[in-house]
Amino acid sequence: MSGLDVQLGPLALKNPLVAVSGTFGFGFDYEPILPPDLFGAVIVKGTSLVPWPGNPPPRLMETPAGMLNAIGLENPGVDVFLRDYLPLLRERGVMVIANVVGRTMSEYVAVSERLSDADGIAALELNISCPNVKAGGMAFGTSVRDSEALVARVRQVTSLPILVKLSPNVSDIGAIARAVEAAGADVISLINTVLGMAIDVHKRAPILGNVFGGLSGPAIRPIALRCIWQVYQSVSLPILGMGGVSDSEDVLAFMMAGASAVGIGTALFADPYAPRKILEALPGDRDRLTEGRWPIGWAHPKGGCR
Amino acid sequence: MSGLDVQLGPLALKNPLVAVSGTFGFGFDYEPILPPDLFGAVIVKGTSLVPWPGNPPPRLMETPAGMLNAIGLENPGVDVFLRDYLPLLRERGVMVIANVVGRTMSEYVAVSERLSDADGIAALELNISCPNVKAGGMAFGTSVRDSEALVARVRQVTSLPILVKLSPNVSDIGAIARAVEAAGADVISLINTVLGMAIDVHKRAPILGNVFGGLSGPAIRPIALRCIWQVYQSVSLPILGMGGVSDSEDVLAFMMAGASAVGIGTALFADPYAPRKILEALPGDRDRLTEGRWPIGWAHPKGGCR
Amino acid sequence: MLAGSLQFDQYEGVLLRNTPDGDSFRLDIEVKSDAFWPKAGQFLQVKINPNALDPLLHRPLSVSDFDAKAGILTLRIRPVGRGTRHLVTRNPGSRIGFFGPLGEGFPLEQAGSSPWIIAGGIGAAPMVFLARALAERGIRVRTLVGAARAADLVAVEALKRFSQDVVIWTEDASAGSQGVVTAGLAQIDEMQDERPSVLYACGPVGMLKTLEATVLDTIPVFASLEAHMACGVGACLGCAVGVRTPGGAPNYARVCREGPVFPLREVVLS
Amino acid sequence: MLAGSLQFDQYEGVLLRNTPDGDSFRLDIEVKSDAFWPKAGQFLQVKINPNALDPLLHRPLSVSDFDAKAGILTLRIRPVGRGTRHLVTRNPGSRIGFFGPLGEGFPLEQAGSSPWIIAGGIGAAPMVFLARALAERGIRVRTLVGAARAADLVAVEALKRFSQDVVIWTEDASAGSQGVVTAGLAQIDEMQDERPSVLYACGPVGMLKTLEATVLDTIPVFASLEAHMACGVGACLGCAVGVRTPGGAPNYARVCREGPVFPLREVVLS
């Protein structure tokens, strides 16, 4: 232990830095410089019941201090994940969180069941907030009732801790958080990408094959902090915060806003060494800025919701 | 006429570039380099029935490719606007759009009435989307019913064209757009700022005096384009698009997404000459990219909503 | 907030020299324009990276000196964050874009017979130009400068050039007297002829608060304030500083427009 | 998408020379590391501005040449947007950060007896390193290069150095034969001994589509493709290119990982 261990609800992470879903594949693509066991936990790419091909290209566009993606949850399906990747991750002692996607509630439930039977998965993250698929995905995450129902159904089929990943593309994120808390979620993860788009003025058409895409990276950091703050004020569940995190002060800022652990995604693309730099700087920054303690929720006024 | 004239619903603008509300004061602060009559229209700072002091400082924070503001609609009140600024703007032949704010519906109505009696105001922009005031503001703009009621009430007291300024901080911006269209709005303006925040890790507290602030600038451009696209698909009203516009290709991209005219705000802070550069580049870029025509809605699939 | 009379424009200067000075850097910049004519206490909005959208905003920096004959603008910059760090690593020959001059300067006409300058840390930056302006008007000024230690002192030589005398304070006594720069003011009530007619102040908020607590009843203080800025010209209302109102109701002034120099008595420091 | 065997790392090179070459620039960069060992057809993810969050992403650029003995990496860059424009204005002595090498290179083992290289515009960049690799294996290659006009031709001298012969095509006939670079392939069916064993191609999509339409039935073509990239290492699935499936169901490969070089027959150009 590096002394950086932190508790994310039921999960004991060796450090608070989590590789978020979709930017770290199934854990091994950055291996030469970022082994998966570097992180407190690795959340693998969204996984569905059967293989999904994803959206037609182009799937990416850079934007000011951010990027749009419309991958469309391409993934080889839960069986391939369990067969080809999970054993390798388990071997390396990685804390694996599986990111679950589906087109219907039953699909979410079926994937969750399959994953729960497997050995070596620490928790499920229900992705009810992906803006890049036509059915399911964000549709659930923007409705209080659907979010609640989905979490309740998954709760019945798994004893694994459930993280529920929320969308920032809603009028009242606190209401969604309360609903999933009531339905039995263990941790709230946020934020997923912000719905956006880009236009190609030469082609006079949307750039992305899917028209819309999800905005991520430093550009959305202020939105992520705000959502974390709001959810921290709305529920008592622990929060996995993410959205534009780039350096070790960001990690502490996200914690002060209410996150117990902090995810990193797009920043890898800007600097693949960012996670190493963060983990190197974090002990010193924590000593300097927060007397060596994890400052979870410290920016909230005393006597707030918690 | 520079040949750049464009029709924004009932308003005939001499060019499509509009100074948005809140970044151009009452029209004269940038005077030495940007006279107010440079723009197709000038939308003045949000104006209330009585003077508002605004929020305690700090009110600003730079963020990646953007900024947060929590001005809190400081303004000297509608009477001072009418007495001290409107005559100067009228003298200069500026197309003036007044931005209306209130804490209650009655306040919006009262301000709108006062403005309608004055000479030299081309239109009203109802700001139902400001994230920086506790009551009113965004509260209206996130509720379909309240938005509709507010616009309907203002519609009764004014014969001026009504622009309604929408918030991106909602689950379904199309639904709000349809409601304000039904209530008699003439133009939809969007987007107002995206709700965000920043944390000071040294002070372990939110940076802004108001905790939350509105995110603007290039960082939010993909969100603005998406909202314009969605509203264009939802209603048949003309759109005044804004959010991160920085150069002349942005203007054409916003038009392709569905805007009839395009606002510029935060980009002034990054380069006060940006409006001049845009107006110089626009004729050439329009010839090169769109055969000299305004490409309003061109990026939408044929046979769409319009 | 009335229609403005400010005259500012956008300029591009060429960096001639970049010299370390205390904990800061002195940038001498050639500005070839007859229109650029700053006053003491005014500031510029300096562009950090003209080719990127990040950092987005300009950085407000005081005119630390301006040699009108040679057309040489001097900035003194303390590297504290991304923008200032970037500026102080620029090499001679590189171009520096900015717009200005902005804001209201120091009220020279209120100097009286024996004005004092009091500057903490990088607060010395605008004071060089102020001392020059006073000197050019034949007004003799006493200057108090302070820093944590001798090595951090900024602009001392330049201040000496234009001041009648310069009194140095350092917290560790590595130069001048030991103490903060306001330390000598405690006895101000007992001073007779020596007593300042006015204090021109620039420095950390702590220093200004000490002035507020100690001398404000006796001596007028004009302080240059700092605030985060977006426009710098008065349009965005982002750089608000609280101003005192009869009933105590909240009211604000713009540091970029009504300031950056304010009668200390009129503002509410936060 | 199986666990990777790629070996890449982050490097910082020093720019030795920046030379205009056709409509592009040749950047010779000293890379002091024994670990950096690229193969022909691989690419690098190059950082544009290490101190800003915009532009955020790296830019994929081919290894245009690598002189392993001298440790000199050559990039050939056509300035088309913000990132590439920034790179081609760097001065000698400046540091260029990148990570790599990435992707699968050209299959040299499939060269056969008489491979041809066909390059349109900046597509010539990776072909220098490919020609070098073939030459080092004693394989003689014929190289076809094309551009709009003579002044736009890239890397011709370097290609001549490693190729048996270089055939030039320009659309305005200002150098070589008149026409697009694929023009000469129309008669390929009639060619006898001269016929290529394989075509290595890099250039605009239009060029690749012409190859698809003309020679694909007769000759294997290995084409280096382009796609916008975020990670460059296979993690984000952003650089998808359609691949042919028996039933025509959509399926994608990663240009950064399974590519950038693909058998042309297997991909769906868009």
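We call the chains A, B, C and D, going by the order they appear; numbering starts again at 1 in every chain.
Just so we're on the same page, contacts are C-beta pairs under 8 Å (C-beta built on N, C-alpha and C of every residue); 3 or more make two chains touch, one makes a residue touch a chain.
It should be emphasised that the depicted structure is a prediction, and the values quoted were computed from it without experimental measurement.
Q: Between subunit B and subunit C, which partner chains are common?
A: Of all the chains present, those in contact with both subunit B and subunit C are A, D.
Q: Farthest chain from subunit D, going by the mean of C-alpha atoms per chain?
A: C
Q: Which chain pair shares more contacting C-beta pairs: B-D, or A-D?
A: Here the pair linked by more C-beta pairs in contact is A-D.
Q: Whole-Å distance, subunit A centre to subunit C centre, using C-alpha means?
A: 46
Q: Give, as an integer number of Å, the spacing between the C-alpha centres of subunit D and subunit A.
A: It comes to 36 Å between the two C-alpha centres.
Q: If you average the CA atoms of subunit A and of subunit B, how many Å lie between those two points?
A: Chain centres of subunit A and subunit B, defined by C-alpha means, are spaced 33 Å apart.
Q: Can you pull out the residues of subunit C that are in contact with at least two other chains?
A: 53-55
Q: Send over the residues of subunit A in touch with two or more other chains.
A: Residues 64-66, 217-218 of subunit A each touch two or more of the other chains.
Q: With chains as vertices and touches as edges, which is it: line, ring, star, complete or other?
A: Basically all the chains touch each other, so complete.
Q: Within the complex, which stretch of subunit D touches subunit C?
A: Residues 49, 51-55, 82, 86.
Q: Tell me, which parts of subunit A touch subunit D in their complex?
A: The contact residues of subunit A facing subunit D are 22-33, 45, 53-54, 56-62, 64-67, 69, 71, 74, 76, 84-85, 88, 217-218, 246, 266, 268-273.
Q: Sort out for me which residues of subunit D touch subunit A in the complex.
A: On the subunit D side, the touching residues are 1-4, 6-10, 47, 53-58, 99, 227-242, 249-252, 257, 270.
Q: Once bound in the complex, which stretches of subunit A touch subunit C?
A: 64-65, 218
Q: Which of the residues in subunit D end up touching subunit B in this complex?
A: Touching subunit B from subunit D are residues 53-54.
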